[in-house]
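Right, one structure below, let's go through it.
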Amino acid sequence: MIPTIRQSPLFRWTYRAYVLAFFVYLALPLAVVCVFAFNDSLFPSLPWQGFTWDWFIGTERPRLGVFNERPIIRSIWTSAFVAVWVAILSVAVGTTNAFLFVRHNFRFKNGLYVLMLLPLVIPGIILGISILVASNTLANNLEDATGMWFDSLRPGLPLVILGQFSFIATFATLVISARLEKFDRSLEEAALNLGATPLGAVWAITIPFLFPAIAGATVVAILMSFENFNTTLMLVGSDAPLTITMFDRLKEGSTPVLNAVSLLLMVASAALGLVSLLLQGRKT
Amino acid sequence: MAEAVNDLDCRDISKNFAAFKAVRDVTFSVPPGTFFSILGPSGCGKTTLLRMIAGFLEPTSGDLLIKGRSMLDVPPNKRPVSMVFQHLALFPMMNVGANIGFGLRRRGVAKAEIAKRVEAVLERVGLPGAGPRGVDELSGGQKQRVAIARCMVLEPDVLLLDEPLGALDLKLREHMKIELKQLQWEFNTTFVYITHDQSEALVMSDQIAVMNHGVFEQVGTARDLYYNPETAFVAGFVGESNRFAGKVEEAGGGTLKVRTPSGLPLMGTAAAGSLAVGDAVDVFVRPEAVRLSPTSEGVAGQPNVSSGLVDSVLFNGANSRVLIRDAATGGEIDVALPQTGEFHSLKRDDPIHIGWDTAQTLCFAAAGEGS
Amino acid sequence: DTLRLLTWGGYAPENLIEKFEAETGHTVEVTLSNNEEMIAKLRATDGGGFDLAQPSQDRIAGAQAEFGIYKPIDLSKLDAALFIPSMLEATKANTTYDGKVYGVPHVWGTSGLVVNTAEASGVKDYVDLCSDDVAGKVSYRLKRPTLIGFAFSMGLDPFAAYGDEDAYKEILSKVEEKLISCKPNVKTYWTGGDEITNLLRSGEVVAAMAWDTGGWKLNAENSDITFVAPTSGALGWIDTFALPKRGRADEAAYAWINFVMKPENAALVTESAGNFTASKGGDADVNAELKARYQKSFPQEAIDNIKWYPPVPAGLEAFEGSVLDRVNAAN
Amino acid sequence: MNASGKRLTLILLMAPLLIWLVALIVIPHMEILYVSLREKVGVREYEFGFANYMVFFNEPLYWNTFMRTAVMSILATALTLLIGFPVSYYIAKLTRGRSKTILFLLCLIPFWVSELVRTYGWMILLRESGLVSGFLQYIGLASEPIEFLYNDAAIMVGLVYTSMLFMVVPLVTTLDSLDDSMIEAAYDLGGGGVSVWREIVIPHAMPGIVSGCIIVFMLSLGNYLTPILLGGKDSLWFTGLIYSQFITRFNWELGAAFGMLLLVLSSTIVWAGLKLSGQTLTRTVGR
Amino acid sequence: MAEAVNDLDCRDISKNFAAFKAVRDVTFSVPPGTFFSILGPSGCGKTTLLRMIAGFLEPTSGDLLIKGRSMLDVPPNKRPVSMVFQHLALFPMMNVGANIGFGLRRRGVAKAEIAKRVEAVLERVGLPGAGPRGVDELSGGQKQRVAIARCMVLEPDVLLLDEPLGALDLKLREHMKIELKQLQWEFNTTFVYITHDQSEALVMSDQIAVMNHGVFEQVGTARDLYYNPETAFVAGFVGESNRFAGKVEEAGGGTLKVRTPSGLPLMGTAAAGSLAVGDAVDVFVRPEAVRLSPTSEGVAGQPNVSSGLVDSVLFNGANSRVLIRDAATGGEIDVALPQTGEFHSLKRDDPIHIGWDTAQTLCFAAAGEGS
């Protein structure tokens, strides 16, 4: 149960074995994907044909490596572009929301809070569809009325960003609120008392205090944006983020390049996760 | 109202939270250099009052002057007062030096000057060279001193302290009581200190205001409050007391005869106002005012006498007590054991006689409030 | 300009794009898709987001009627001499809506059977996929070509019934029955070209209804596997060029069409997509192996027997959809 | 701060929230509700009515798929909980310091790549010519290749895998906050393993359990890729139907109706779950 | 060991954490019905010892008997001891009744019987009818009582308490001290109580063990420890003391002459062991042992005399103190003001004379440890 309560060795070992098996289960598919990034074969599956770096650095079709695959490189940039915007928007709105919900009392606060949680429980595809339909109607009406074109209301990166933001903002709000709740208001009052202006106190004291949560929320937002598929699928236009490109590839013409990209992605995510952990661990 | 300018004047200050009156028409003045404490039970409005002085709450009515200047329209960051918060509110993201320099930076003092002043104040609080240390690396007592240094570096007219010792452990608290008093002496700044711990207030203060339900019940020196409480609340809240309810049977010449419901006759003094025959009264007797004697002769000369069995002996070194179950009333009486060690062999169920003086038997009109 | 191209895998190989960019100064961005998604995307964008799309010729007029997502093609900007005339004419006819032409041909090919002849030599027509000796080792898509193909191989003529809703429904219900009874034979309904290629390669599937190119690609690796034109006739499709209504780079789009239809460029497309194009003389430079495979799969009588898709009337997909759903649900 | 300043702050803080929720959540949902109520009567012709909903109720396929999706999602949620709970408990209560952090981080690993890649990994493993089948043959447990892909079990594996993180994180957080002395006190009073779990650990973990279950359930219900890629010829998923109505059938009206139904279904099940466990959304998911 | 069966016997019990010895060869016995306290500074090993008794830690060596039966192989849920945890560990998911009934349910007692016993124990702790209340609705003191009731309902042979008052505030702690003692008296159960607050231990206990660095320094009654400490650590830790370092100059007849580095001569008693001339010693004098006098004649008869100026008066009612700066040494001496109020008019810088007895000047061989 807990370390101070003795258990039979059999139980202890079974338990450990179970936990080990669990982690093997978690690691297995990813490990397989990584290993096959080095398979010297045109297909990302058995049999094993030997080791090669081609799927990273190959320059000749069909053995074109990730680094030389223009569409893949471009979609990575697209994903990064989307992720950065989603992170900026989510964290900004998450921060103001945190201040609103933690610091203020107003009518319908509870109702608004539940509404704010709702995106967590709306299936991603529905979020995507509803935004698609609404923006489509809006665009049609605007275009009928003005005779101008409103391309940013049509599927494309702006909508993808908004679609992802619509639910990632909830995560950011929760992460940042949790930290703000732990903030001792008297720190801000102390700053006022020492001569800081109200905004100055928030800037000098509260925001630095929130920094680990803001950094954490940024990382979470970037990771979630990078991996989002369902919502993006419905809103994507001509510039496809990486997951969508990979999905298309999976339908037509997959090679171990997909594994290679995945491997790179894992390395990047791991690095990002570590950085955020270090940031969070720095002060708590 | 004071001739010389006071550091702080509160005039009929009140604060209502919706219908609830947290502070009611409180008026007091603090002359320069005073250690002024506000003592009262939890929820009596101490923090509310202090936060009005600091500017974090607007008074519902009344005026508030610092050095003779009204503060009502001055925002907190412009008032010449500094505050030490209950949990100190040191900025965890800054080191000690940055914490102390914060206020100076806000005032736009030059960097080199800030460094100089920070080091100077650190020296005064006994932490020379602690500037680069992290706040988390400090002990509780050191944090306390940094919090005070952070305020003192701004040379405030008044330093406000909201139960700053509340979070410390027992031993450290004892120690810091003395240290705080010493720091105040050294800086010679006006301190307004709030606490619900009477021993803190008694030990440190020049003046103490006892607060209850939003009003000041009495303002005076520690001795005034202890020996001459003006209200039953003060008598009960400041120091330990045995408390009896009763009715005045005879009144005359400043001496009252009171009888408790169980029939015990008590000779006492009217502590405040005048009391007439038939008035319901609360009577207070301090444990150390009661004399013990193994025989009835030993207390024969006392105006108040009684006897009973020892219920328990609470040995606590110099502060030992004995709880005596009064034979006549069945009530429990708390008596301090003499520091001489004379009665240290008392045990449960030993018979004992007690007696005490009229002057130390304070009677107040019954109100039903107290600690 | 940037040409945003909505097309099929293989139709715009990297080397072709590089050549085009070098020659014209335009840049090309490719989005891969299929017929349904092309239409769905263009519907959602109201014909925006892309400058050139490549739907099949049979799926243009209906979509235009319903959603109005294309703009007419200005034939004067195209070099008609680059096209095989018969194909150009047929495509123009099929993609005409309200008197205007919306599509010109690019790549053509067929779907039929890809068979591992060593293990499933008995499979000659679509219905043979339901025979017991290949049980559990066949695959096809749950899409409209399957319905059409099975109808033909069951001796029915769905194309003839396009105009007659009731007759068409009648045919569909028969096909539905067949597909449901055939379901236990199916390993999985494939959804992407890659998936079926992998299934055939690994031997998990020995016969499938699929595009000809897939069969030829596999043949290069394993000579047992090849494309077989079904006895009831392969289904012939032509993928076209069509201009989305709100495309912004028409110049580049026309330039692209004229560029890829040049024989030497068309050969590059054939090289990468595996299918022949409507470019006159475009097959000249194509490598001999592919030609050989093509000829092996398509003797003259098989070519004559190809069933070319006529335009799909608007709304027909709804019936087909519910049939497919029911097949999917049956067990 | 004075009253008008406070008010201004409130308004400024409220604005982003309201813009976000109204523009991206409320209006779009009203919009699909509206679209779902449009009946298609001809080419570019629509009428107001419930025909799209009737289609759903009259077609057993849709209805069955709907139920199937719900049941499978509940099953996936239960499995995730069963598998994840002991592990979360292990991390929260039986490890300390560094190893706790490391194990917790290991739980986040699947999150490092997209669902697509995770599923893709499972395909490589489970297919007939894949690693699992190969391994079983290698150790002699199977004499010929076995197909693990293209069935509901494969979907389950994928769903549980994809959701695990969202179960483990809230569980570890709540279990972490269970003071060891609670468990010790229970033992001290004569409790044994089972009673301590039933009366102390599980009740304490309830908010985490409910929070994890809600998220996992919603993720499973709303999943698209896993059933498509791992599922077999019978493995229909309701989101797949919605997708195909929108994309392959161009029938936004029916798709919108399906979307609304999915929303109603999910809200109902979540609501029922909250009621049954006596929790609230704010207390669980919104911690 | 004991002839009559003890409730608890620890025999040479030790606990090592890796190389660190948290508890070293501790041996003690607790007869039935005793209130046994273990008093020691933070980190001295108290909790470790208690957790070994409860069964949550395995001793590295030694034996542990309850009612004469070794407990080494008995798991915690089978031991006839109950424990009140520092933060009480009441189950928040259950109401008061369910908390108290938990142990009975585990024993399979019938429902009706459980209800009866729960109500009975609630009555005994003064909370009749509180069964259906939520744990969060209780005040700190009430929670305390529920925690005790939860254990007592199981009628354990020994009740273990790990600083149960640590989390309470000052006033409540004072109150609960007395209440706890009373509850123990009523239940007549053996209590093993650990604390680092000497006043808790002194007031409540029949026997106190003073623990330091994993060993028991002294076991005895409160008075033994206060008046006859056996080690310098005990003298310093239990009660307040003035402490002087010095060297023995003369030794004979139980009386020592010690001189401090600043030259003050002290006449004292060797408290433990024998001390020879030249030994470095620590000398302890309690504040209440020191007599005050305005004149040197007033203390002329005392073997130890000195004089100085008042540094500060710490008024605290009956526990007032005066800090005197010794003229000879410059050191500060802490003296209790007589409860009679005799010296209450003392102020800073008043000259004063002090004196104290040989018997109350305890000398220990210097070791360098203390509070």
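Each chain gets a letter, A, B, C, D and E, in the order it is written, and its residues are counted from 1.
Simple rule for what comes next: a contact is a pair of C-beta atoms (placed from the backbone, for glycine too) under 8 Å apart; a residue touches a chain by one contact, two chains touch by 3 or more.
In UniProt terms the chains read A = ABC transporter permease; B, E = Spermidine/putrescine ABC transporter ATP-binding protein; D = Spermidine/putrescine ABC transporter permease.
Since this is a predicted model, take the numbers as computed values, not measurements.
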Contact-count maximum falls on chain pair A-D
Using C-alpha centres only, name the chain that sits farthest from chain E. C
If we define chain centres by averaging CA atoms, which chain lands farthest from chain B? Would you check? C
Between chain D and chain A (ABC transporter permease), distance of the C-alpha-averaged centres to the nearest whole Å: 16
Rounded Å distance, chain C centre to chain E centre (Cα mean): 91
Report, in whole Å, the distance between the mean C-alpha point of chain C and the mean C-alpha point of chain D. 37
Interface hub residues of chain E, defined as touching at least two other chains: 56, 75-76
Which positions in chain A (ABC transporter permease) touch two or more other chains at once? 4-5, 45-46, 198, 250
Residues of chain C touching 2+ other chains? 191, 202
Check the chains against each other and report every pair that touches. A-B, A-C, A-D, A-E, B-E, C-D, D-E
Could you pull out which chain E residues touch chain D in their complex? 54-56, 75-78, 81-83, 85-87, 89, 91-94, 102-103, 105-107, 150-151, 154
Which stretch or stretches of chain B touch chain E in the complex? 170-171, 177-178, 181, 197, 199, 202-203, 222-223, 226-227, 238-240, 286-288, 312, 314-319, 323, 336, 338-339, 341, 344, 371
Per the contact definition, I'd like the list of chain E residues that touch chain A (ABC transporter permease) in the complex. 51, 56-58, 75-76
Within the complex, chain C is touched by chain A (ABC transporter permease) residues 43, 45-46, 61, 64, 70-71, 74, 132, 136, 139-140, 143, 149, 151, 154-156, 237-240, 248-254
Touching chain E in the complex, chain D uses residues 179, 181-182, 184-192, 195, 199-200, 203-204
